[in-house]
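One chain, subunit A, links the two complexes that follow: it is found with subunit B in the first and with subunit C in the second.
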Partner chain A sequence: MYSGLSLDQAPPISVVTRFFLTVPIFGLALCGLILVNPQAVLTPNHPFSLAVIHLFMLGVITMSMIGALFQMQSVLGGRPIPSAQGNAFLIHLFLLIGIASLSSAFILNSPPLFIVASLFLGAGILHSANLILPLLFGGGIHDTLRGMRLALISLFITAVLGIIMASEYANASFSGFHEAIRTSHYSLGLVGWIGTLIIAVAFQVIEMFYVTVAYSAWCKRNAFRIIAAALLLKIIWLFGALPLAWMFDLVIAALLIGFATTTANRLNMRKRRVSDVSIWFWFFGIGLLVVSILFYGVFEVSGYPPALSASLIAFALFALSVILGMIGKIVPFLVWFHLNSAGYMDAPIMSNIIPQTRAKYLFALTVLTAFLALEGVILPDAFALAAITGGGMFALLLFNLMNALRLYRHTLTHGKRFEQM
Partner chain B sequence: MILEFMRDDHRACDHLYTEAEAAVLAKDLEKAASLFQDFAEATLHHFDMEEKELFITFEKRTGMMGGPTQMMRYEHQQLRTLLESMRLALSENRPNDFFGIGESMMIMLQQHNMKEEQMLYPMIDRALDTDAGLMIQTLREMVR
Partner chain C sequence: MILLDTREEDHPIPLERAVEAFKKLRGEEVIHMIHRREPIPLFEIITNNKGRYKSTMDETGIWHILITRSDTVDLESIDV
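The block that comes next holds the complex of A and B.
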């Protein structure tokens, strides 16, 4: 009855940090692209725009989320990912090559690079889903696990649709379903993968780490069912070219607004009052989620294209804000935890690994970047400025991560260790 | 049943910690020491309930001796050390260290609680079946 269940503590630190370390590098690359041609990036379906979108959604967001999944799986999934080091190495490598190829394929309009991207991204994402999904079935079940299942299934289908589109781009031949595939691809990617995983994690993290009132059991039980049903019906509607597909967007928007207000309310009423930059990142992210939904509503009503760009930018920055807050907690914890577990007496405490001052600077740069990027929808000069502040933000993130790992390695080499019992 | 009982106890301990943390924040270290003592005692009592009754009964019922319960015991040991470091930091008037160690303790404690609430307690509930009520009675009667 209980075979295969293990409550192991954590995979080796390199499993998680290899994903996190790549995040600022892709971030810096996309900021560079924006700086080179901000106007092109703001033009829908322009190759620069598609390259930047995929660098962000895959290189920054998906890379961090898969890294976090390797860590979360042993805590929330009950069964750790097998051969975590080898699998993390392979998945990371495939994603790295795939993301770099895809972005280059868009910019250079190169059919061979689209094929390389399909192969490596497809292999990386499908292998991740194939590796983790079976671990989420067959054991106990709880609400966060349901969310993780939906997120991974959505990522899997997003990747399949992406491969189909990449082959269309490679052959410069687009099927009659291209628009339906494209809309399904980004709906599943944004809401099914990114939105769902963030909600699933919030259901655990907000209540337990910040000591808040619990989310209602009804919400936790039904949120993922509603998202799954709305996405499935939307896709059917899109492929059937049926009218009123926006109804499903409305349902998802209502659910996301409900999540945002409930989370903000819980954080506001939290019992832990100690100052913590990760809470600022959560609040700011939630605010951006609401802004994104409002702009999407404006676009649906008016058809004004900049409103859609603003909605996408706000959604991307919502995810980034939450992720930066979480990385700022996870990395110092992992450094401390692995050193402490290995018996190092002088393992640095979390606040000395990424000091609050630097975490606050990172938050300030995130806020500045978000305001400039949203303003940039109307004023391309502001968008170029957002690329500069965004570059600063990713550079600081890289510095924080490298410094944390430097401290880790320094303690491993020079630290005092308890004798092993 | 076990899940609800033990989860409520986790939350009660968390609440005690927030009160101690708030007192340190308010720089009332005397009050903080007393509130932290309440939190530490409640948490250690929770560990005792698990190690002296719940885990032993579960292991006898299922024959799982070296599995998840062993890992939970190991984590209890790590958490006991952290609680002692925090108590020392308070008694030596080092509030920054208290917060620094407290951050690690809180993340570790919550990860530990998640594993128990999501996986272990439901397993114990299944293993104890109709005897869960009796077990809760035994746990309630355990002296702090």
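The block that comes next holds the complex of A and C.
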């Protein structure tokens, strides 16, 4: 009778929302830092720059992706995370302390804070990988799970390399491999963790949410193998100080361009033309991905530093755009699902939990922030303006999330149960 | 049999339509939902609210889900 998938797998709503609610808080903090000193943030390796990069990549991107993984694992993995509530609390707390300590450590140049950051970030990330990775092996397997495996392994190694670098900063002593470690750290973080998880999610949700033609089986089967091989070889090349390491960047860039164009085509050819702001976020995100790759190409050819800054900013905003689109889908679904599952059958419909108008304002602020941030690479004043619009964007995200949870709690208190209808 | 063909509908419409139809089920009524994916979250809502379901995939990869609130209807005996 049943399909073999066990029920009651969905974790409580608080497991996911605790991660999502922290995202705009870190977003507002990093916008504040940019506003205080936009020029310093744009200076490569400046403490402010490193603080903002880690606030964004960990506080905004990783925080939302770990939260989403708690939900995805139970739905896609078919095997729920054990003690989801307790583990989510612990991992969230460790990340919270670790991210705040790391950013402060950069700004204050404080060795003790680097140690605190290493301990808590290391514990949070390693525990996440240790908790979720075994669940991705041994059960049923599909392409999205393969992507989740690679993403988590990459995050794990990124964290280990990050801890090594933090100890170097704490002791103000840098090994001969520092540059290889640094490049491996950000390559694995950006491509292996963020890029891979977004591709894995796209393979699942683009077709499911928007009724598109499926990605080709070849593409789904081989994308993660190519990324894994290119990253592994790049790291070997970096540590061996071998020439032509850029070849592997070229392979990854070609794959990412292929992903971007394929996804845009799929979305363009979708069967139903229903207006959905999350599709705009996907389109804008993959556009930024292409912009990021083009700027990286310009940097590789010319060595012009602002091109590298623009590439990193565009990549970060690509991830943010996709994440904002997905949070706009996930949170209303969670509120609707948990209320209906608990028997509150007059739960609001999903489109009323985060109304389209507010989702459109969020998209407009995202677009404005992206244009100003990219222009800011040349004009620091525009970068400061991007911090203001970015602040507005994160404030609206916080409002949307809190309002959705207010609706959830209101229905729990005043809603009509199924047996009363 | 209440037919609910959601194959061409974007998320989350299929889930919302199925739950709306489930709320209105009376007596021995059965919903026959046709969908391109197996709607796993729907099953938790149905079973948590004293419903039953049968989910099968046909040879073309399309899912047929039978849903009822009746204790007596034999879902196994219904061919889709």
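By definition in this document, the second predicted complex is superposed on the first by the 409 of 421 C-alpha atoms of A that agree within 3 Å, B and C clash if a C-alpha of one lies under 4 Å from a C-alpha of the other, contacts with A are read in each partner's own complex, and residues count from 1 in each chain.
One rule holds for everything that comes next: contacts are C-beta pairs under 8 Å (C-beta built on N, C-alpha and C of every residue); 3 or more make two chains touch, one makes a residue touch a chain.
As the structure is a prediction and not an experimental result, all values here were calculated from the model.
Of the two partner chains placed by superposition, A:109 touches none, neither subunit B nor subunit C. Of the two partner chains placed by superposition, only subunit B is touched by A:145; subunit C is not. Using the contact criterion defined above for the overlaid structures, shared-chain residue A:75 touches subunit B and also reaches subunit C.
Once the two complexes are laid over each other on the shared chain, residue contacts for A:204 go to subunit B alone; subunit C is not touched.
Judged by the touch definition given at the top, the superposed model places A:171 against neither subunit B nor subunit C. Using the contact criterion defined above for the overlaid structures, shared-chain residue A:342 touches subunit C, although it does not reach subunit B. Shared contact residues on subunit A (touching subunit B in one structure, subunit C in the other): 1-2, 5, 7-9, 75, 208-209, 211, 271-272, 274, 329, 333, 336-337, 340-341, 349-350.
Interface of subunit C with subunit A (complex): residues 8-12, 15-16, 19, 23, 36-38, 40-41, 43-45, 47-49, 53-55, 75-76. The touching residues of subunit A, counted against subunit B in their complex, run 1-2, 5-9, 75-76, 78, 139-140, 142, 144-145, 204, 208-209, 211, 271-274, 329, 333, 336-337, 340-341, 349-352. Of all the residues in subunit B, the ones that touch subunit A in their complex are 14-15, 17-18, 21-22, 25, 62, 64, 67-68, 71-72, 75, 78, 96-97, 99-101, 103-104, 106-108, 110-111, 113-115, 117-120, 122-123, 126.
Interface residues of subunit A facing subunit C in the complex, by the touch rule stated above, are 1-3, 5, 7-10, 75, 208-211, 271-272, 274, 276, 329, 332-333, 336-337, 340-343, 345, 349-350, 418, 421.
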